[in-house]
Amino acid sequence: MNPVYYLYLAALLFTIGAAGVLIRRNAIVLFMCVELMLNACNLALVTFSRMHGNLDGQIIAFFTMVVAAAEVVVGLAIIVSVFRSRHSASVDDASLMKL
Amino acid sequence: MTALAAAASQTSTGEAVQFWVLGIVAVIGALSTVLMKKAVHSALSLAGTMIVLAVFYLANGAYFLGIVQIVVYTGAIMMLFLFVVMLVGVTAADSLKETLKGQRWLAAGCGLGFGVLLIAGIGNASLNSFNGLGTANTEHGGNVEGLASLIFTKYVFAFEITGALLITATVGAMVLTHRERTERARTQREMSEQRVRGKQLPPLPAPGVYARHNAVDIPGLLPDGTPAGLTVMQTLRNRGQIRDVSNESLDRLKALEQRSEERLGRGNDEEEVAK
Amino acid sequence: MSFPLLTATAALPAIGAVATAAVPAARRTAAKWLALVFSLATLVLAGIALARFEPGGERYQLTESHAWIKDFGVRYELGVDGIGVVLMALTALLIPFVILAGWHDADPLETKSSRWRPTQGFFALILMVEAMVILSFEATDVFLFYILFEAMLIPMYFLIGGFGDRAHTGSDENAAAQRSYAAVKFLLYNLVGGLIMLAAVIGLYVVAGTFSLSEIAEARANGSLSMATSTERWLFLGFFFAFAVKAPLWPLHTWLPNAMGEATSPVAVLITAVVDKVGTFAMLRFCLQLFPEASKWATPVIVVLALISIVYGALLAVGQRDIKRLIAYASISHFGFIILGIFAMTSQGQSGATLYMVNHGISTAALMLVAGFLITRRGSRLIADYGGVQKVAPVLAGTFLIGGLATLSLPGLAPFVSEFLVLVGTFSAYPAAGVIATTGIVLAALYVLVLYQRTMTGPVKAEVQGMADLKVRELVVVLPLIALLLFLGVYPKPLTEIVNPAVQHTMSDVQKKDPQPEVEAAK
Amino acid sequence: MENLIALLVAAPLLGAAVLLCGGRRLDRAGHWLGTLLAAVSFVIGVVLFLDMLGKGAEDRTLHQKLFSWIPVEGFQADVAFQLDQLSMTFVLLITGVGTLIHIYSIGYMEHDERRRRFFGYLNLFLAAMLILVVADNYLLLYVGWEGVGLASYLLIGFWQHKPSAATAAKKAFLVNRVGDMGLSIAIMLMFTTFGTFAFGPVLAATGETSEGKLTAIGLMLLLAACGKSAQVPLQSWLGDAMEGPTPVSALIHAATMVTAGVYLIVRSGAIFNAAPDAQLAVVVVGAVTLLFGAIVGCAKDDIKKALAGSTMSQIGYMILAAGLGPIGYVFAIMHLVTHGFFKAGLFLGAGSVMHGMNDEVDMRKFGGLRKYMPVTFITFGLGYLAIIGFPGLSGFFSKDKIIEAAFAKGGTEGWILGSVALLGAAITAFYMTRVMLLTFFGEKRWQPDAEGHQPHPHESPKSMTIPMIVLAFGSVFAGGFFSIGDRFLNWLEPVTGHSHGHAPIGAATVTAATMVVLVIGVAIAWAMYGRKPVPVVAPRGSLLTRAARRDLLQDDFNHVVLVRGGEHLTRSLVYVDHTLVDGVVNGTAASMGGLSGRLRKLQNGYARSYAVSMFGGTAVLIAATLLMRAV
């Protein structure tokens, strides 16, 4: 088997995640979809690392995980505080950004 | 070690079988993450996908990342998600009905186009030769050692920055979710006591409630017809600009009553005559 | 290095603007005097420049040149030829009168708070406009000129939109809406023109590699810079469009009546007598000098448009019911004459056009300012609201009549000289156009006399009864203008002497010679 | 001597400036100052005249260049004067009659609070008229030409509070402007043809250009003359101009300004001589106006308007004579001078009558005034006799010469023109007799004025009668003085040239014919107005009478075609400007606004929508990258 298939899988997962971001309204699920996209990227990075025969790709994937963790922490905190004030986790409810 | 290194540098049939089986599981998990109505189900599906991905990392020779993926991602982050889902309400099921006009079609179109383009791009790239991680992993005595030597040498600056990022994120999360309360909340009892002990028991009648005028300088009338000076605003009271029409209006009230009485009385008389 | 006289002339009003704006709210009168003093000082400097200008000398004199934006070859380059120096002097001359005439136009309304200080702003903006206009008459760098050409819109916008004529009919809200409409229209029209010009300026840079007028002209003259015919034409059109909007030429004129009608009359003078002159001036300096072939190519169309402007503006002036709009349409007609004179490309036509710019500035200022005094007294701009003013305010009526007679180019007053020169110049190049333009003098008489008859003569209207005659301040505004009109009408030689050499340069730029009289040609 | 020419102009100009700018302080002495300066100008004129008489006929012309007026490359306009015999004649007429009328106005305008200004305007007129006649080039002549137009405008509208006066003034100026247009085009044509517009070079070079050019110049000059001299088709303003004070009518609209057209044509004689077509047009205009004015004069009941019709008709004679070429130039000017005397006298007489009759102008409300105003009657009567051509008086000599010259034109043309001139003489006799009879003879038909005052006719003060007497002298003797020994002919010939035509009929026959038609005219008038009482209210009259009362429908034509048409044109143009020209712009603005309104909806505030855009954008970027790589 050619490891390129991992890349195809990563692309597929990334696209599914992206579509999820566009379709879902629940902010939590939205975040999960973002995580899915990040994971897909990580998979691609790990595969590249293997292909190129050095560890830099894995390092980047590692950093991605760290950043994702930080992002999730802050993002979930925001969701919680928005939920407290609005009693809704729907991103469509926060639509004041228009004329 | 050598066996593992060999597994990393070439694709065995076993890996192919594992890829096709687990790959399908991963895609199903991703799809159900997107399509499940309840957030809990989505979270669980995502956790599944992530475990599959961890296996793939291991298969690709990224042993450290594979473990981290399970411990940090599936173990910590997904739990955090679940906590928040609980906080927001487990039962809250999303309606999957689209409210934005054309959003779903656009999303689907874009997603499809994007996917096709991505896959086409990968297909176009000349990726047929690969080196495998054998030498890279064995150079420092193993995958973890290899990563460590990179992180603490080449990427040490980025590493420190990510540390700062994590601290900031932690503080940020605390700031965002923390609600400040500097004094003790008042009990219901205290509130009702305060209401009774205040200067005025009921809210003041507004000008014109009982009055025949609605001008601000004319006091409202108490039920007995006398003016309630307190209903006029402080400034006017201080200036002495209260128009006292109590007597007029009382007289007028009396005249009205008298007239109506006369009319009623006559009516009564007639009724009596009729009887 | 010698004293930078041109920079000083432009900088002084700019400094004055800042100083005036900085005067505290309560010291309103001080702000007015400050503005007046600065404008008079500018006039002195402009007078010195005029005196130091040698008509027979170099084409551009009193030049200054400093590098500005090196990467694009933009230079801060100043210099005046006979046309520029005369127009610069005209601007410096008119501003003190504008300030004096608008002495009370921006006094704050009582209802506003004490921190409200429109007066300072009004006079500061006027001085700002003066600074920019003067500098644009001096700029010999295309890019510098473009920046000024656009920048002067900003103070003008606020002057029109922020300080409307208090004599309006209908409600305050309605008047405010009208005013902002006029201001926005002014701005948009001129911005569109400026935008197209910007494209042409960039195009010019791409073709020529420099913004310096003298360098481009020199390169064109010695053949080191040749433009393709179509390139030259497009660039010409880009420049000309902007100037035609500013001038304004039919059919790009509709912003002018609105702007002049809604603005206070000093600001209206500023628009038509000062700012618009930049447009016609730029036609002479940039269009003809940079694009001589394209100018000649476009001449037939421009002459026709100018003729339409003349007749159309005059006819519309006859049909107006609002005094200030009437004067605005009259100005459109006069701008038609100026453009006609420029593009007739004869010595008489171009000298006449230059004189016309000066004389039109003075005569319109006189007429418009007197009209403003009249309107302030009665509180209405409608012609029908007046009648018999002559009986109650004879001096006002007399000055109004003289302003009107200047507008209709009566011989003996300055505009006649320029108008006749334009007509002769046009006639010798395009006889038919000359004849059509001549009808303008009949129509001018019509609208001026109808205006005078309806407002000044006849039985005294009740509302006009007891109208005060001109006060000292107003006389100080009007009488010098009238004296100038008379002087330049009888003895325009000082002006023509300065203008003639510059016109000869322009004529040689476009490589045109005056048509020879038939009899001499036969010899 | 030359410098005196500038002084000649400067005196009244100074007067105008002082009187108009001087303010109320000068109210008490203003009229004296004005009159004095007019007289000074007259005296200077006389001095110049005497000096001129002392020289030989060939070097009588004086030149004076004051300064270069408009020096532009290839275009030289100077303020320069030229005083020759022709100009001299006019200078004496203008300053002489002008001074008399200044004196007359002192009395006539006594009760007007704006008398100072009136004298200022009169002085302004004198200055402009003098510039007109002593200019040495057409452009300076144009300055005077417009200057007298301005003065005329100011004086006709002197009583501005009357809407009719204001309208009449405006009309006069506008109609004149049409004529001025002709003059300016003529000057432009001269400039392009000759390269100059000074009299000397232009008139000397007429042989060097084509006849077509000269005809065009001639026709344009004729247009100018028509405007200023109230000739058909630009005659309509003169009748209305009678709204002005009577001295103005006498000076400007009878004696001097309206004759400027004749001056222009005679001055440009060389051009017309070389352009027979233009000359023919001049003759036609003169002949038509001659009859037109006479007919209008017959029908008017307003004494001043009747005289205005007469003025028009008499100027028609002059234009006719001027159009005849060298045969007629001298006689045109001679008639102009004698007409200046007797018409000014007639107008002053009319003013005197009005002065005594509470400013009544309707002749049907006069009658029998000869006993009450003897001086006016006698001077007016002498003027009357002069204008109808009573043998021995001024008009007889000058008009007779014109009729002779008309016949002498030769051919059918000569016969037609001669007959028209004769017919005109008959009509002149008729309407002037009518004026005379209605005013001074017959019953008293006096009516109280609007305020109910019964008129008490009385003789006017000395300041008014003396000028009338002086003018009456001129009316009686000027013609004879000029004609005996061909004095006037010899005086002007060096400037205008002269040629004797070959009359098909003898001079005596013409004179006899003139006498016959004169008697017929007078007789008819006597039969109609002398024999039987005249109704106070005008009878309806024949179709021609009614048309003549309305100036032969000229005004109606103007009103319908020009005024109404113009109103419609301007109104529709205002509409077009607002809806079409402005509409395109506003439409563009509105469509931009609409477009931005649509585009604004894309900004709906939903983060997911924005995300789709970003995602789509990314897809496009990837596609672009791939494509670029593929290429």
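In order of appearance the chains are A, B, C and D, and numbering begins at 1 in each one.
Following the convention adopted for this analysis, a contact is a pair of C-beta atoms (placed from the backbone, for glycine too) under 8 Å apart; a residue touches a chain by one contact, two chains touch by 3 or more.
Owing to the predicted nature of the structure, the values given are computational and were not obtained by experimental measurement.
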Intersection of the contact lists for chain B and chain C: D
Centre distance in Å when chain A and chain B are each reduced to the mean of their C-alpha atoms: 19
Chain centre separation in whole Å, for chain D relative to chain B (CA means): 93
Rounded Å distance, chain A centre to chain D centre (Cα mean): 97
Geometric centre distance via CA averages, chain D-chain C, whole Å: 37
Shared-contact residues (touching 2 or more other chains) in chain B: 100, 103, 106-107, 110-111, 114, 118
Where chain C touches two or more other chains at once, by residue number: none
Multi-chain contact residues (two or more partners), chain A: 18, 22, 25, 92
Touching chain combinations (by label order): A-B, A-D, B-D, C-D
Interface residues, chain B side, partner chain A - complex: 8, 11, 13, 15-16, 19, 23, 26-27, 30-31, 33-34, 39, 42-43, 46, 49-50, 53, 56-57, 60-62, 64-65, 68-69, 72-73, 76-77, 80-81, 84-85, 87-88, 92, 94, 96, 98-100, 103-104, 106-108, 110-112, 114-115, 118-119, 122, 127-128, 130-137, 143, 146-147, 150-151, 155, 158-159, 162, 165-166, 168-170, 172-174, 176-177
Contacting residues of chain D [partner chain A, same complex]: 600, 603-608, 611-612, 615
Chain B-touching residues of chain A, taken from the complex the two chains share: 1-9, 11-20, 22-26, 28-29, 31-33, 35-36, 39, 42-43, 46-47, 49-56, 58-59, 61-63, 65-74, 76-81, 83, 89, 92
Chain D partner contacts - residues on chain C that touch it in the complex: 185, 188-189, 250-251, 253-254, 312, 315-316, 318-320, 347-348, 351-352, 388, 390-391, 398, 405, 410-412, 416-417, 420-421, 423-424, 427-428, 431, 434-435, 438-439, 441-442, 445-446, 449-450, 452-453, 456-460, 490-493, 496-497, 500, 503-504, 514-520, 522
Chain B partner contacts - residues on chain D that touch it in the complex: 604, 606, 608-609, 612, 615-616, 618-619, 622-623, 626, 629
